[in-house]
């Protein structure tokens, strides 16, 4: 009997023991004189496009000094963060990890990453490297808990040849939502009652929230007032505008269209089934690789009405030091390098990613490694960063999207009116916020 | 279980029977000890690998455990929240129940029929068995991604094949009323896994039984329903119980195959475990997720006990009378 | 039959013979028709089952350009066999195959031994609390896996077992509820008389388990072996969590390099998936007879 209890308590103690206190090892181990400190760097960049790039950056860093050696481990996309969590709980996390930019504060609140304020005090210039929107997204209660690494922004792409065919000026993209809708319909090609080609669909590469942000700079959440604004007037207008497409084309057509192209294989714009699309700047690589020399144009997102602004939306990734990392000081050194001009420019040029370092993005815009088209897209994206907003997860309602998205879908499927759906979503999220207090 | 303990009568009887009863008891004890010895590995494994984490998660369900920084006791708050403040949880239970009720009978029946078919000694059996078993071996995210392509409304393989027989297939993964059926369809494809079980158990059905039936002029159907089925009921029972338990915990498919893992469209693929996962790894409300898992445990437990109680009525063990 | 009898019952005989002939013909005929129907069903079924597999195979042979065309092609325009070689190399397949094989063999061994051992105890030995403990075994199957995920991970971390194969292999030697339940069901169909007979001959339970039960339950044990092989070969979560060094990764983990956020390399992913599935399916094909070899109960008791 005693043996039983002993065995059980043994395993119970071990399990429960460290789950809570994981910040214990902040002081870490200073490297003994002459001995290199090896730090663990976890990313999900294992593909043959990304991996060599990050490893060259790491290599350069390792060669440039002899106190720190960075060891890179690849973990599968998505699952890497489950492991991150488990390892933080067990007290043996990586020293640096790539994570999502929109949940930095959420993770900070839950004690999963390290406050970088003390490091920035020693190196205050570091924070000026970044696009301000990105740096702000990495803050929690005013302190940085990560540094932005890369980002993206939504742009409008259009097929110039199709424009010409439809009698439109190939160099004049739509500037407002109304123009977008109108020109889109002109570009439709219908055979019988099946669409051979559609001009534009508002849910391709983009979602309702982006249009809401484009309308008035606020999506579902007002970050200044710190509350949900799901059913405010402009949002209802934006959703109604989207719904009009569903009414016009029929939601069966649109859903089938989406399902056909949803799985990362063929893209409708590249395949010539869509005349205009709104997507990441990085989408250009798909046009470049599979578009067979398509002549295309790129412009900022149209504005809702003249003067409301061409706001766009972006996401991105940060590099952060998980809580309880054994070598945070050394991780910081590498973090500085990662977000500095040299490494960032290299990443930008090789991966066609918009990087967080302003100077690097500027330099990449004129890189000789890009084609003319590439330079065109990249420099526009770089410019567009000025009007690109992010949507960090509100700490008061971290899974609010799960309550909003189904309502949006119901509206688009015709089950509710836009106002009804958004009202219901607003109510649900307000409940959630109340319950989370 | 009948313990054969000798009745204790009187002192004289005891004296007279003592030697006999002592042997009986010691034999039993020896038997009992051997029993414990045999299941010892499981007991040790359970205590060492499972008990601690289980107790931890049980305790955790009464706290606000968030994996990394807090674990304060909050009593029944998680459970209260589940029953009063979580709009998604009931939907998730309904989705899960639908999946269980539809997929378990279908896959079980399918596996039995398949095994019987593949046991007929038709030429090329080995090849056929391998082909039907193939889907069960394919695993991992690659398969789910594959199926997403196969289920494309216009150009996916499934709808193309359906088109050959004149049926217009639905938008499997974007029409909320068809998404669960898409997953069930996928499960049917890999029914070969269960077939293995039945193939093995069919070997234990003595051919002399069939011969005897044939002499009596039994048709194929009668042979199946009155010999085959009864003889393999122990395995059917096993399959039903384990499939039900498994079906209740469906998660991976919905996570990979719905847009951004959120169980869409319209929450049609939000299963109980998916909701739990979101609470645990998105919101980091692990205490709540633990509470959810224990509630699921109770639901499954009740169902399984129900199954166990029902079993003697239809499960037939050749070896002995057993529960 | 003597000639005389034959001649005498001339027509009678030939009638009887003819009747018998018809009867047999019809029985054999029925059987052939039956077999024919079964064969047709099986062939149709196989084609259905195989069509997704064909899709995988076709995708693995295309180049990314063709994969990105719309509408998708059913048969690749060009057959890029070199995709397999590339997948092998980029996915570090040889290394990972060795790792996975190592883990899987031990897991299968452990599962077969431990579970048959434990199941025998539950099925054929009477001891106090047997039913209760078996209920506990069943109960452990009902607990959703991932709430014990984090605590178990922490447990292993504290024990220093992370980045080793211990958490992946050791538990297999202590039984798993699923297999215990499975084998117990099979063992229960073995008549007790066999065991009683062996006991009278002086055998103890260990002997009975090793020499009598295991040979009799070959199909069930083979089933456990194959399920267990499948499980370990395709295990993803375990290696993901417990292994830190990429050199120790397993095949399922290695396949993931081809999956990207929005730049999945479908051809290599499919090629890799097919290569990962080959060993299991070959194993199954060649070792089928162990499932099918009868339990031979008939030899002893039924007759």
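All chains are identified by letter, namely A, B and C, in their written order; residue positions are counted from 1 within each chain.
One rule holds for everything that comes next: a contact is a pair of C-beta atoms (placed from the backbone, for glycine too) under 8 Å apart; a residue touches a chain by one contact, two chains touch by 3 or more.
Being a predicted model, the structure only gives us computed values, none of them experimental.
With centres defined as the mean of C-alpha atoms, identify the chain lying farthest from chain B.
A
A-B versus B-C: which has more C-beta pairs touching?
B-C
Could you name the chain whose Cα mean is nearest to the mean of all protein Cα atoms here?
Here the chain at the core of the arrangement is B.
When the C-alpha atoms of chain A and chain B are each averaged to a single point, how far apart are the two points in Å?
Those two chain centres are 39 Å apart.
Please compute the C-alpha centroid of chain B, do the same for chain C, then give the distance between them in whole Å.
16
What residues in chain B touch two or more of the other chains?
In chain B, the residues touching two or more other chains are 44, 48-49, 52-53, 56, 67, 145, 149, 154-155.
At which residue positions does chain C touch at least two other chains?
Those would be 70, 72, 150-152, 155, 256, 259, 264.
Any chance you could list the residues of chain A touching two or more other chains?
11, 14-16, 19, 82, 85, 89, 260, 265
What does chain B use to touch chain A in their complex?
44, 47-49, 51-53, 55-56, 59, 65-71, 81, 85, 87-88, 145, 148-149, 151-155, 171-176, 259, 261-267, 278-279, 281-284
Using the touch rule from the top, collect the residues of chain A that touch chain C in their complex.
Answer in residue numbers: 11, 14-19, 40, 44, 46-51, 73-77, 79, 82-83, 85-87, 89-92, 260-261, 264-268, 270-271, 273, 286, 289-290.
Which chain A residues qualify as touching chain B in the complex?
Within the complex, chain A touches chain B at residues 4, 7-8, 10-16, 19-20, 22, 78, 81-82, 85, 88-89, 106, 110-112, 252, 255-256, 258-260, 262-263, 265, 323, 398-399, 401-403, 405-406, 409-410, 413, 428, 431, 435.
Can you list the chain B residues touching chain C in their complex?
On the chain B side, the touching residues are 1, 28, 31-39, 41-46, 48-50, 52-54, 56-57, 60, 67, 117-118, 120, 122-123, 126-143, 145-147, 149-150, 154-155, 157, 161, 189, 192, 196-197, 199-201, 203-204, 206-208, 220, 234-235, 237-238, 241-242, 245, 249, 273, 276-277, 280, 286, 289-290, 293, 296-297, 300-301, 304, 317-320, 322-323.
In the complex of these two chains, what residues of chain C are touching chain A?
So the residues of chain C touching chain A come out as 64-65, 67-70, 72, 90, 149-155, 157-159, 162, 240-241, 244-246, 253, 256-266.
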